[in-house]
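Just below sit the structures, each encoded as structure tokens.
Presented sequentially are two complexes of subunit A, the first with subunit B as partner and the second with subunit C.
Now for the complex of A and B:
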């Protein structure tokens, strides 16, 4: 589904002394099928932004268009439930949303609400549980007896079981072990490719953004600060530092390399192996190959 | 939160009302609540209204915010007025609606009661608007101090109060967060038959309780780790102190009481 923000403003607690503008005149377009990373310092409005996508909040001004659904201040779509079934949101710390007696029931909660039939739900659960790195032994256990990381995986499975067209991920791997982070991100990415999803990833990890996203939006204080392809955005060190962001390590490395060897290796999202080759060439004094 | 109900909501500021000692504010409100019931003439109501409105202006909290925040209470006030209009049967008949006779006594009575109600709500919400919950608890603990002699657990009570007050906003945030997460999973809290909506509460309440218990456990642990051992011999970071402005306000309030007694009939 195409997603378009047009001059969106969002104000928390409007008309009170606590009024706070969290989104300020934000416009962008996300074509269907893209993988977009949203990056910004803490409090820059990322979580607020994603809540517009399935109508949890509506813009105080401006309009949000998600596929055929139009959301403005005065007009919420009538079939909100359909919108929500097509946008899967994995919230920041989604393990807090677990409540059922067993893991299986909790995963089935979403699809049941969206009227998927029981047989189909069973099938989906058995397909998804291994994907999120759990075994089917977990299904009969209480979600409250699991570790934080396991609970996170159950919550993610609960969102995936709805089979959304758009996957919205708000720092889905924050607080997981490094290996688990890699696995989960990889799982999201292959799902994105296989099912041709539109994926929106909120992250503090420049590495993840660089690795998976084909478009990056940098937020600062609720406004769009930068936007573009990751390899274009992430080389702008000074601009990123100004909004308390760092460049990914690979780019820092290439930067330092250039300083020490006086030989640039332009970054074009090449793999580690390719970078190693370029370095060998420079070191051997044969930069042309 | 789109909630605009303001009772219990603190609005930071630096007005003299904000800076008064919380004990001063609570004492004055305690006596205000009593003297509201002494008013019985136009003059005496006038004195109270001037006092209440003046206090309101001095806080420098936007008036429209206060007025809007009291919306649910306006309804009650108007309801009280109308009730008295029809129930009281004193004085002369002013006019008749269908078979209901409206007496002059009813209008006066209704107006007086509604006015009392309004004054009480306004002044007490000025307290919570200008005083942090922590200040209120400190004041209560201090004012209940004498009860310690009869082994009343004043410190524990105050601690319980301040912890609950401290966690109200946290719980509200949590509620909002969880209800958004469940709404994304297809729960409909707002429409549908009552039975369905009642069922929708479960996915909200369970996670809320789970996290509240978890928080309580963590807090107990953190307090113990930092050497908390009850109120015995514990010193205070924010000591309450009566300043010149408090004395001034007490004198002013004494004048208000005097004027009220003078204008009563």
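Now for the complex of A and C:
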């Protein structure tokens, strides 16, 4: 599904002394099938932005278009429920939302609310459980007896069981250990490819954005600060530092390397093996070859 | 050699009779003024060690001695005067309505006189660089700032051991940097042993010594540089090798003779520069 924001403003507690503008004249377009990373420091408007995508909030001004659904201040779509069945949101620490007696019931909760019939839900659960890295032995267990990482997988399975077209991920790896982080991101990425999803990843990790996204949007003070392909955006060190963001480590290193050796190795998203070869050529003094 | 402050002797722990052991025969020592990092994947037993150290849990086997006292139910209140702890979630450890009330809370519980409390609030907030936020309400602070206040609150009771149990895991990169900076300042300026528990290899670089936990057992105990050298083994137990280590390996494959395992960018660049001058 294509997603378009057009001059969106969002004000919390409008017409009160506590009014606060969280989104400020924000416009962007995300074509269907892309993997977009949304980056910005705490308080830059990332979470408010994603709440617009499934109509949890509607713009105070401007319009949000998600596929054929149009959301404005005066015009909420009549079929909001359908919109929500097509936009799957994995909130931060989604394991806090688990509540059912068994893993199976918890995963079934979402699709049941969207009137998917019981047989079909069973089929989906058996398909999704291995995808999120769990086995069917877990289905009859209480989600509260699982480890944090396993609980998160159950919560994610619950979102996937609705079969959304758009997957919105709000810091999905926060608090996991390195192996867990890698596994979860890998899972989202292969699902994105296989099921032709549109994926929106809200993250603090420049490394993940560089690895998975084909487009990044940098937010600052509720508005778009930069936008483009990761390898174009992430080399702009000064601009990123101005909004308290760092460049990915590989780019930091190449930058320091250039200062020391007075020879640039341009970053083009090449592999670490290729970077090592370029460094060797400079160090051994045959950069021209 | 400075004296022993913490000693684990063959400690084993499990949550119940039928449950598997989460800690198996762990023995190690921590010395005065030392910075020890404990690293391991989720469920490797590292947080259990922290909870055993200040009597939130008690071992079924073995003994734990802190500052000459064996940890048991009779003396946990004494032990907790010596062992301060900062936890993972910045939102779960605020009790005061302002920053200074929060720092005062622990001291109030210990009956410290008012004048002394005021002095310590000044001193510890300055130590974590939060002196400008004395009257700020906690919900107006960022995650990193909250954790710094939590560190100040613990420092105010002058512990001998400060444990940070994944205190950076829920923070953004900026917050993480703030905390690592604060911790390193505190460690150099105050007399205390520091234990940082993490799953991030980047955060062990500055420690004096590292204990790597795997499946409830001590898998390795060494200096950070020696740990960094064991990349394949670290990957096997679910830890991530930092970028600089991966690059150093690829440079070796590409035919560059790296002289020692780099801990940071500067070390690797210096090494490369030396090689460059020789060619």
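Basically, the second predicted complex is superposed on the first by the 287 of 289 C-alpha atoms of A that agree within 3 Å, B and C clash if a C-alpha of one lies under 4 Å from a C-alpha of the other, contacts with A are read in each partner's own complex, and residues count from 1 in each chain.
In this text, a contact is a pair of C-beta atoms (placed from the backbone, for glycine too) under 8 Å apart; a residue touches a chain by one contact, two chains touch by 3 or more.
What you are looking at is a predicted structure, and each value in this text was computed from that prediction instead of being measured.
**Q** Once the structures are superposed on A, label A:275 by its partner contacts, choosing first (subunit B), second (subunit C), both or neither.
**A** Once the two structures are laid over each other on A, A:275 reaches subunit C alone.
**Q** Under the stated touch criterion, which partner chain does A:148 make contact with: subunit B (first), subunit C (second), both, or neither?
**A** In the superposed model, A:148 contacts subunit C only, not subunit B.
**Q** Identify the partner contact of A:98: answer first if only subunit B is touched, second if only subunit C is, both if each is, neither if none is.
**A** A:98 contacts subunit B only, not subunit C.
**Q** Identify the partner contact of A:51: answer first if only subunit B is touched, second if only subunit C is, both if each is, neither if none is.
**A** Only subunit B is touched by A:51; subunit C is not.
**Q** Between subunit B and subunit C, point out the one touching more subunit A residues.
**A** C
**Q** Determine, under the contact definition given at the top, whether A:249 touches first (subunit B), second (subunit C), both, or neither.
**A** Second partner only.
**Q** Mind pulling up the subunit B residues that touch subunit A in the complex?
**A** 1-2, 4, 11, 61-62, 64-65, 68, 174, 177-178, 180-188, 202-203, 206-207, 210-211
**Q** What residues of subunit A sit close enough to touch subunit B in their complex?
**A** Residue positions touching the partner: 12-18, 51, 54, 56, 81, 84-85, 87-89, 91, 94, 96-99, 109-110, 112-114, 144, 158-159, 162.
**Q** If we count contacts the way the header does, which residues on subunit A are in touch with subunit C in the complex?
**A** On the subunit A side, the touching residues are 41-43, 147-149, 174-182, 204-206, 244, 246, 249-250, 252-253, 256-257, 260-261, 272-273, 275-277, 279-280, 282-285.
**Q** Where on subunit C is subunit A touching in the complex?
**A** Touch list, subunit C to subunit A: 41-43, 88, 142-143, 169-170, 172-175, 199-200, 238-240, 243-244, 246-247, 250-251, 253-256, 265-266, 268-269, 272-273, 275-276, 279.
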